[in-house]
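In the two complexes that follow, chain A is the common piece, with chain B as its partner first and chain C second.
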Partner chain A sequence: MRLLARLRGWEGLLLVLLVAIVAMNVTRSPYYLGVENIVNLFQLEIEKIIVALTMTLLIINGEIDLSVASIMGLAACVMAWLFRHGAPMPWALLGGLAAGGAAGAFNGFWVAYVGLPSLAVTLAGLIGYRGVARILVEDRSYGGYPAWFDAIGQQPQLGPVTVSIAVFAVLFAIVAVILHDSGFGRIVYVMGNNLQAARYSGVRIKPAKLSLFVASGLNAALAGLLYAARLGSVRGDLAQGFELDIITIVLLGGVSIFGGSGNLVGVGLSILVILNLRNGMGLADITGNTQTSVIGALLILSVLIPNIAQTVRSNWKGRET
Partner chain B sequence: MRNVALTGAVLAALALMPQAASAQEIKPGQAENMVLLPKFLGIAVFDQAHKGAEEAAAELKNPTKLQFLGPTPENSVAGQIEIVTNATTQGVNAIMISNNAGDQIGPAVKAAHDKGITVVSWDSPIPSSEGEDVFVAQVDFKETGKVMADMALKILGDAGGKFAVLSASPDAANQNAWIAAMKDALKDAKYSKLDLVETVYGNDQSELSYNQAVALVDKHPDLKLIMAPTTVGIAAAAKAMQDEKLCDKVKVSGLGLPAEMVAYTMNGCAPAFALWSFVDLGYLSYYTAYALATHAIKPEEGAKFHAGRMGDYTITKDPTRAKGLRILMGPFSVYDKSNVEAAAK
Partner chain C sequence: MKWLQRHVRPEQVRELSLLLLLVVAVVFFGSLIDGYYTSRTFNRIASSVIIIMVAAVGQTLVVLTRNIDLSVGSLIGCAAYVTGHELGLHPGMHPLVAVLIAMALGAAAGVINGALVTLGRVPSIIVTLGTLAIYRGILVDYSGAKTITTDTLPAWLLNLPQATLATIGNLDLREMVVLALAIVALFQFATTRMNFGRLFYAIGSNPDAAHLVGLPTRRIVFAAFVLSGALAGLAGFMTLARFGTITVDNGRGVELQVVAAVVVGGVNIFGGSGTVVGAMLGAVMIGTLEQSLFRLQINEFWRDALMGLLILLAVASDAVILSRMRALWARTELKLIAKPAPAPASGGAQR
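Up next, the complex of A and B:
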């Protein structure tokens, strides 16, 4: 019953949209259904959708992390710098992850313990972490990593599936369990709905918020390192501007920017809608600004439709009484 | 027995002889699905290259329409990778790319090449040359450095002075090679009064380039010249100096489009700049990619072919990279008050 009710709402709309897009892709391109293309469809945006998972948790919690793309760049640049200076690859990777965790903890400290708005804190992070990344690699690009590292990002390792896609699948399952089937998940929602109420009902708000930001930083770092593996080389502008695409995915998934509502089913559908739309347009040779405009229009609609529906519904109710 | 050995020797001798010097004619009318991929859309020079490629496509009577696909400037790296990957999925015959992703494009291009797709880079090569058949170079990169050094000397005069470089993205292989070549040229004693103080990057975005130009002047009060080896950068820098009313003090030079620069050249903000024809570059890139895709020539040193109105070209080793092949187009045109108005039309 709950699933049915859900499908009539926003998720239902996304599902209809997804079916329409897939149907269009199937009829318009003979290449669409190939295994290689389906893998590429995910692979070309994989780092963004990985980060979208922790972004979902944060936005439901009533916060936001604008610094994720800069953390992706920071992690990759720290890794590149360490490797360049003789660190073995596994240590360089750990260093990148640690940098991401530290950046996330820094964000979380100011938001959770000092009480600054996450919009401001992570906006500063967006600029600051990118700056550190650029200082580390300067204006060069660093490549020449071990073959196994490049293979992780560039070649299928598990049947036709790449490591990045497997990582995404596992993370999706973990986040789904945390959000929808654990006590911590309920706390995330309660805090997003009403922080005061959560505080008075004894929820330990500060560590909860801090842990979400650390998770976001670690996850962004992981995605940044996977992106570095896919590209085979790192430069200071790695993943620059990705934060907006990531937030777009989450909002299109029906997660309220004000916190407290949304679910991972919606975000999963939103991911499929955007990826299939992009891939279909790519195969139809629609690129550049046209592609950007279509996705922009989709986002505007995703903001407008629920609001219009709400207005219509309340007007209707008003007439009845 | 003797005869056989003799014939064998003659054949061996023939094989060792240098290839016949005549250029390979290309057979027109073959259906080749070709993609022209600029750094990004919405830049005049890439539209000109597109025009040249269309001209070549019409001459070669390719029944398959040329695809002109490009990313947006803010999404250039990921966008170029996406377009190359989708083109590979579609199994196109040739990709012509002006690379803006440095070696980050390598894996995507290699995947295309492994699938048998002809990959020609133009305007900006793949630094490692991995996955690339040949690079169509607009001009000799060494000459670009020399031309820029000469323009700087002409503008600053014998007294010399401080100048700065405003480049495109930090990883643009072509700009970096030109700047390196200019620094090399500057070692000559006659340029000893020219003092290159800094290189900054505007990422080929007008606003960022404009701000970088203004920042340069703030940082170096005695700056006399901004050298921008990019059409976006030079126009933005000239506009910045004009807006700041600094044209008497700080001149702008570099590589620019006559149509975009004519006003600044006539009012003295940018007294001299240089460029090659992007129409010709697109034309030659198309001929090269078509010749390779139809197997009229092989991507190897010494291969020669006839490129329509532009004449004969030969594939050589690329002296500007550790590995890789190139076709050199050339030459340069230097524009100043005397000829810029005619070229801008």
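Up next, the complex of A and C:
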């Protein structure tokens, strides 16, 4: 019943859209549904969709993290710097993750404990963390990592599936359980709906918000390291500008920018829609910039159409009574 | 204390402290860089600042109404490119017509943004995130990824950045700088002294209350987006004049600098407080840092890290110090207005 109710809402629209896109793509290319293309489809945007998972938690919580792409770059640059200065690869990777966690904690401290707006704090982070990354690697490009690291990003390790895709699948399951099947998940929604009510109900708001930002930082760092493995080299502008795509994925999934509503099913569908749409447009020789425009239009329409539908419906009701 | 509270608003303290910080920064760089206090430094900083400054004025209007315009970077790129393209086709075009083309293009895009926000009831961050991508995509398609180069542009445009209105000592006052300052002055006057301008604050402080008392909320928000678009168009024209070479990537990421200038300038990201002059100072601060660190060569890479810190500092000081000051100011004001009634002064600091 719940599933049916959901399908009548935004998720249903996304599903219809997804089926239409996939059907169109299949008629264009006979190889479309082959395992190789599907793996490739995920692989091309895998880092963004990994980060979108924690972004979903934050936006439902009523906050936003604009600094994720810079944290991706920071983590990769810290890793590259440590490795270049003689640290063994596992330690360098841990250092990158720790940098991401620290950056997330720094964001979270200002938002949760000082009470600053996350839009402003993470805008500072977006510029500042990128700056720290630039200080570390300046305008150089650091490569030459161990073969196993490059292989993680570039070759399928688990049957036809790459490590990044496996990481995404595991994280998706974890976030789904946390958000929809745990007490903490309810707290995330309640805080997003009404922070004051949550506070008066005895929810420990500050640690909850802090932990979400730390999770976002750690996850972004993980994605940044996976991206470095895929590229095989690290530069200061790694993942620059990804934050807009990541936020678009989450909002297109029906998560309200004001917090308190949305779910991971919608975000999962939105990920599939965007991946298939981009891939399909690529098949039709549509360039990357136009692809981004189409997704931008889709983002606006995703809020505009339900609004118009609501207006029309209330007008109908007004006429009947 | 009473005197201070009666004659100085918290916002002015904010602007004065930013001005002080600016002086400290200039003295600091002056001690590190040889020949820093020259008209060349001033001109270099001024010519880079005005682009961000003009766009930041528009952004301030939007942010005051509790909205945000992330599409300005793409608009600057579009306006610069299209105007350059038209000037290449019609070299005899009157300069004013060229400026009008740039501003009209920006205003038209602002109309789309504003209509989607007010009539479509789509949150502005979603609308402008989308149009950021859409306007850029249209530009890339329209241009066929070609680049505008200086040799197609008329001479008056290329000389415009050097055009000097007046010379004070050996300090040249460039025409474009004067234009940017005039725009700041105009909008500062409009937002502080005119009914129309005060509406931006009223709507931003409490949109529901503004709607209930019958203020034209939608029209003002719409106007904010159109003005922001038009000013971004003008900033695009300034970009064209300054660089002469315009690629389809021009202006990418500028929206972040513009928003940063507004936030550093003390405009509250949730609307309702902050001034146009503040945003101007924010833009000058960022521009000074950028150009001065560039001159320091070795520390060029520290620029972004410092800028991030500056934004954080601005927002944190706003929240921690200014909100307390505002509460203090509000309490004394209540006492002055209604002496006998014990006015509940709590909640003033909350926002």
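One rule holds in what follows: the second predicted complex is superposed on the first by the 312 of 321 C-alpha atoms of A that agree within 3 Å, B and C clash if a C-alpha of one lies under 4 Å from a C-alpha of the other, contacts with A are read in each partner's own complex, and residues count from 1 in each chain.
The rule is short, and it goes like this: contacts are C-beta pairs under 8 Å (C-beta built on N, C-alpha and C of every residue); 3 or more make two chains touch, one makes a residue touch a chain.
Computed from a prediction, not measured in an experiment: that's the story for all the values here.
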Note to self: Taking chain A as the common reference, can chain B and chain C both be placed on it without clashing, or not? Answer clash or fit.
What the structure shows: clash
Check: Which holds for A:125: it touches chain B only (first), chain C only (second), both, or neither?
Finding: second
Check: Taking the superposition as given, does A:190 touch the first partner, chain B, the second, chain C, both, or neither?
Finding: neither
Next item on the list: Once the structures are superposed on A, label A:250 by its partner contacts, choosing first (chain B), second (chain C), both or neither.
Entry: neither
Notebook entry, point to check: Does chain B (first) or chain C (second) touch A:44, or do both, or does neither?
Noted result: first
Note to self: Quick check for you: in the superposed arrangement, does A:135 touch first (chain B), second (chain C), both or neither?
What the structure shows: second
Check: Should A:114 be classified as contacting the first partner (chain B), the second (chain C), both, or neither?
Finding: second
Notebook entry, point to check: Is the number of chain A residues in contact higher for chain B or for chain C?
Noted result: C
Next item on the list: Would you check which partner chain A:272 touches, where first means chain B only, second means chain C only, and both and neither mean what they say?
Entry: neither
Margin query: With both complexes superposed on chain A, which partner does A:17 reach: first (chain B), second (chain C), both or neither?
Written below: neither
Next item on the list: Report for A:287: first if it touches chain B alone, second if chain C alone, otherwise both or neither.
Entry: both
Next item on the list: Once the structures are lined up on chain A, find the stretch of chain C hitting chain B; candidates are 80-88, 170-178, 242-250 or 260-268.
Entry: 242-250
Check: If you lay the two complexes on top of each other, which residues of chain A touch chain B in one and chain C in the other?
Finding: 138, 236, 241, 287, 289, 292
Notebook entry, point to check: Which residues of chain B touch chain A in their complex?
Noted result: 40-42, 67, 69-72, 74-75, 77-79, 81-83, 85-86, 89-91, 101-104, 106-107, 111, 128, 169-171, 201, 203
Checklist line | In the complex, chain A residues that touch chain C | finding: 110, 114-117, 119-121, 123-132, 134-135, 138, 236, 241, 244, 247-248, 251, 257-258, 287, 289-290, 292-297, 299-300, 303-304, 307-308
Notebook entry, point to check: Can you list the residues on chain C that touch chain A in the complex?
Noted result: 68, 116, 120-123, 125-127, 129-134, 136-138, 140-141, 252-253, 256, 259-260, 263, 269-270, 301-312, 315-316, 319-320
Note to self: If we count contacts the way the header does, which residues on chain A are in touch with chain B in the complex?
What the structure shows: 29, 31, 34, 36-37, 40, 43-44, 138-141, 143, 150, 153-154, 230-233, 235-237, 241, 278-279, 282-283, 285, 287-289, 292
